[in-house]
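In structure tokens below, several structures.
Below are two complexes that have chain A in common, paired first with chain B and then with chain C.
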Partner chain A sequence: MRIQQIRAMARKEWWHLFRDPRSLALMLLMPSMLLFLFGYAIRLDVVEAPIGVLQESHDSLANDLLARIEASHAFHVVAHFNNRRQLKQAIQDGTVWAALVIPHSYAADLIQGKAKLQLILDGVDANSARLVRNYLLGLINDYAMTLNGAQPPIQLEDRTWYNESKESRYAIMPGVIAIVMAVIGALMTSLTVAREMELGNLVMLRTTPLTRGEFLVGKLTPYLVIGTLDLLAAVAAAVYIFDVPLRGPFLGLALVSVLFLLVVSMQGALISLIAGNQLLASQMALISTFLPAFLLSGFIFAIQNMPAVLQYLTLIVPARYFVTLSKAIFLKGTTPFLLWGELTALCVMTVLLAAVLFARSKKLGLLK
Partner chain B sequence: MNESWIRLRALLRKEFMQLLRDPRMRFFVILPPLIQLVIFGYAAALDVRHAEVGVVDLAQSPLSRELLAAVTATNHFTLHYFDDMREARTAVDRSKIRAVMQFPADFEQHPALQLIADGSDSNSAQIIVGELSQLIRQAMQRRSGRIPPIQVEDRAWFNPNLDDRAYFVPGIMANVVLIATLILTAISVVREREIGTLERLLVTPVGRLEFLLGKLIPVGCVGLFDVMLISIVAIAWFGVPFRGDLFALFFASLLFLGSSLGLGLLVSSYASTQQQAVLTAFFIVMPIVILSGFAFPIRNMPESVQLLTWFDPLRYYLVIVRDLFLKGGGITSYPFEYIMMALLGIGALLLSMLRIR
Partner chain C sequence: MTETSNNQPVITAQQLVRRFGHFVAVNNVDLAVNRGEVFGLLGANGAGKTTTLRMLCGTLPPSSGTVTVAGVDMVHHARRARGRIGYVTQRFALYGDLSVLENLDLQAGLYGMVGKHKQERLNWGLQHLQLNTDRNTKAGQLPLGYQRRLAIAAALLHEPDILFLDEPTSGLDPLARQQFWELIYELAESGIGILVTTHYMDEALFCDHLAMMEAGNIVARGTPAELLAHPIPTPILELRSRSCAKCAGWLADWTEIREIIPHVGRLRLRLQPATDQASLITRLQTMATQHGITIDAIEAVPPDLEDVFVAVLESAEQSAEETAA
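Our next item is the complex of A and B:
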């Protein structure tokens, strides 16, 4: 490895990047844009869920219950139905997520202590339905137990560590940074080697004294720099614009991030080598980064929920480790070394990918 | 007209050959959509199963043990015992457990239980705590023999077991089709430009419309093929019901492909290299996916962002596809969604035709 050769290769790549300012701008702007999009668009908790009520009994007891529900921020009663047909139609059209039926005999039954309500949920969005059901059941249960002025048999105190206000944005942002960088990092590098192969520049490079190791290092360096800038912008946006607390050491986050970038950019380069043309490379990069990072990293869907085979599969998704690390450093204020398992995994991936990349680069036909 | 037809046929042959010549590309059309569907069909679940929960039982009383037994009996939770809160906190810090239950020493006299969720976990920790409190309330009520005076009978229509898969699988299908077709279209046009074969096509009698149709039809076929393939697997493998009209699915997919191919063409009209095309395409695909309501309900977004979703063709396609699978209905059920998709598709196609000369 000669520094001079690497510098020359990197300079060539920089020229290529600067000659195409639009791609460069996209590479630099995309992470922040995606962060904004995720930051504003994602909310998984129930706030003002639209529900409908079919109130067959209009006495004070029924009104009391309804007032209790309307007072909660979780629900917004958007419809009062007159009959079952209307209720059915509203659920079918999706204008309400759930409908509560308060029957004729509600007051009379309540006095005897055996009132029955009916809750109908739109099960299509199973997660929202589950959240609405749990909230509503809890609310009605608490209400019911205190009706006769009695003490509930147990007091439950809910607390949320690291995120007392239960702001879902706090929990999502550190993960979003990981997803965005997983995709951008791999996408950027997946095209560069394939381009040289497709356009035939490789033949020219073969006539130079450049070795394949130097070629790879020189190729990847500019993208690592761009990726690092992206990451800094994303972290700054999360902290200063979205007010996500960065409780852990910034240096720790930086260390982990650079390691992660290294892994994904080598992943992109490997894809590039295998594909050999940009069409296939871009498709492979998207398929192997975006959806896995989104779905298999534990960002939204808990890994423990998956079947065993899939849980093993998540072990080779680099975003999995970075999501855990980034969340822990941001919100829990831990140092990366407390999560040594995740850190080691990223290191092992770096070494393995470097070895595979070097071995596969033989087919480029460069020196050594 | 006849000659035009012959030219188009020749172009189509060339395009199909180009698209499917490479064995990796052939593989690409069939296997990845299936692999993705199967993996994500299993991965996409937000409910609670095997949740790792920490327990700090300072009371060690019959009551606390009885409650813990009730929690274990559901098989939804794996309990880990800790001697004090400090230990439990370290486990949360290392992301080994996602919630903690703390029984105070005087639990027998004052039954007050603390449930702590890991707030860095966006969704599942909340669901875990919700489910735990429900369980414990019920166990306590059974124990005290006091039945609450109000009973709620809940029923979920269309998806009685609240199976996440039925919701996500149609969404995954739409995503896979969108990503594949939009980028394929964008790249296949730009590639001719970058490699220089577009120049050669310009000297042939091939017209603009013929050229574009030659590009769009093969990719459209790939898209329809993927829709078919994924639907069959969703129904046969995952047991997702299909209650709607098959023709409606075909028609909706056709309209949706119109928008996704149109957007692909639009991207290609802005890009001069494949790298630009891919980056731009991705720049468009991500917002389309996030704003579509695929994983995050549109109703929960701020008003201004909700307005943006009006321009998202995937949003309409998802509504139709999900309802075709789960609720049933036919081609007349969602006139608004069909019209919006058609408008967006025609708009994108027209705009890109104007830009490509």
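Our next item is the complex of A and C:
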């Protein structure tokens, strides 16, 4: 490995990157788009869920209950129905996620201690339905207790560590960084080797004293630099725009991110090498890197809840280890060395991929 | 040119063989290119020129045989040997989205050049191949001729001992082709060896030495003069007339004529070996008069390079058939 040759390749790759509008878009727009998309669009908690009310009883007790619901940030009463037909229509249209029916006999039943409320949920979005139901159940239980004026015999005092306010984006943002890295690392590098093969530049490179190690290192360097810059931007956005606390050491996060970046970019280069053309390579990268990082990393879907087969499959997804590390550093404030299992897994993957990549690059026909 | 060549081979290939499975693409090729010499490798597509070239450049390992560049063994010391060669591919293989200067800069880096020396060589390349005004133009936007110039500049930056040019003039217009050959001569005069592959027979005449390839073998070699002096069994007649196309029509089934090669305003007739030329000319003139065609001239002419090539191929085939029988 000679520094001159590596530098020449890296510089050339850098020039390509900034001339190609597609790579520029991938580099700059995609990460910010992903951050904002996930930062704002994915909400795993209920805020201002639109609900409707069919109030058959208009006495003060019913009004009191309603006031409670409207005061909560979880719900926003957007419709007051006059009859069941309107209620049905509103759920059908999707203007409300749920409808609460306060029956005629509400006040009378309440005094006897056997009041019933009906909740009708739109089950098309099962997740939202479940969330709305649980929130409302909690709210009504609390309310019922205040009416009783008595403490219930058992009380659950819950504290959610690391995320007191149970903000779902606290858990999402550290994972989004994994997705951003996977995009930069794998999608972009998957194009790079294939391009040289497709456009015939290799024919020229083969007659130069460039070795395949120099070729690979030179080619991947710009992506590692850009990936690191994107990482800094993503962390800054998470901390300053989305108010996610970074409790662990920043350097620790940087270390594991660069390690992860190294793994995914080598994965991308390997795919590129095997595919040999840009179209196939980008599709393979999407399926083998981006989607697993998205679905199998525990970023949104908890690995423990997956079927056993999928759980084993996640073991070969590098994003899984990174997401665990990233979440722990962000929210638990651990240093990466405490999670040595995940750290080792990433290191092993780095070494393995480097070996396979080097062996496979024989195909390029460059000097050894 | 022969004055400047000093009979010191910059590249020597000995008993070069390349097999792909059972197919022998290159069979026992020996060749040597001297400093200051333009060596032409001739042959149709598929004759084994490119395979030979790839072995000479070290991008394809030979099945057997040796290649030595400036005293360095190509197979065992590939990295050192590559520093001694420059290769210009037939298809443009530099980067179209990089400027002329950036492409040269990359090339200089790949050969490990730095600092002042690198600057000097870049300037040399830009000046010498008249690329200075286009230094910031994207290579992909250059006309074909200038892309080739850039490719040559890139291949010469590291001052190789030998330059390989794979079909350097294909696709160029006649003027650009002529300029190209002037450039090639100039480079050879500066003392490097040049190996050119071509299938243009008229261009082959510009080479100092020629090797004709067919089916993986070198079937003839020598200077153009030596090859032209090669006695060929099939005499050539040249016929000048304004109605060549008509003549070609009724000459087509004359058994004495092996091949009719049309040119503008003339026909070259390749006769069967041992044809009585005088009687053929008489018969031809009589026939022409009957058809009302004026023949301006008909005479025996010396063979050109293509005729020699065809004759050599035919005799090679014949001897192959005899060996088989």
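Some notes on this structure:
Quick note on the criterion: the second predicted complex is superposed on the first by the 335 of 368 C-alpha atoms of A that agree within 3 Å, B and C clash if a C-alpha of one lies under 4 Å from a C-alpha of the other, contacts with A are read in each partner's own complex, and residues count from 1 in each chain.
Assume a residue touches a chain if its C-beta (ideal position, glycine included) is under 8 Å from a C-beta of that chain, and two chains touch if they have at least 3 such contacts.
Here the structure is a predicted model, which is why all the values come from computation and not from measurement.
The superposition on chain A brings chain B alongside chain C with room for both.
Contact with chain B, but none with chain C, is seen for A:295 once the two complexes are overlaid on the shared chain.
Looking at the shared chain after the overlay, A:248 reaches neither chain B nor chain C. Applying the stated contact rule after C-alpha superposition, one finds that A:211 touches chain C and leaves chain B untouched. Shared-chain residue A:367: touches chain C; no touch with chain B. After overlaying the two complexes on the shared chain, residue contacts for A:331 are found with chain B alone; chain C is out of touch. Using the contact criterion defined above for the overlaid structures, shared-chain residue A:279 touches chain B, although it does not reach chain C.
When the two structures are aligned on the shared chain, A:26 is found in touch with chain B, with no touch to chain C.
Minimum C-alpha separation, chain B to chain C, in the superposed model: 9 Å. In the three-chain superposition model, chain A touches both chain B and chain C at residues 20, 199.
Residues of chain A touching chain B in their complex: 20, 22-23, 26-27, 30, 33-34, 37-38, 40-45, 47, 49-50, 65, 91-92, 94, 110, 113-131, 133-138, 140-141, 143-145, 147-148, 150, 152-164, 166, 168, 170-172, 174-175, 183, 187, 191-192, 195, 198-199, 275, 277-280, 282-284, 286-287, 290-291, 295-296, 299-302, 304-307, 310, 313, 324, 327-328, 330-332, 334, 338-339.
Contacts from chain C toward chain A in the complex involve residues 57-59, 78-79, 82-83, 85-87, 89, 91, 93-98, 102, 105-114, 151, 154. Interface residues of chain B facing chain A in the complex, by the touch rule stated above, are 22, 24-25, 28, 32, 36, 39-40, 42-52, 89, 92-95, 98, 110-127, 129-131, 133-134, 136-137, 140-141, 143-144, 146-160, 162-164, 166-167, 175, 179-180, 183-184, 187-188, 191, 194-195, 273-276, 278-280, 282-283, 286-287, 290-291, 295-297, 299-302, 305, 319, 322-323, 326-327. Contacts from chain A toward chain C in the complex involve residues 2, 4-5, 7-9, 11-12, 15-16, 19-20, 199-211, 365, 367.
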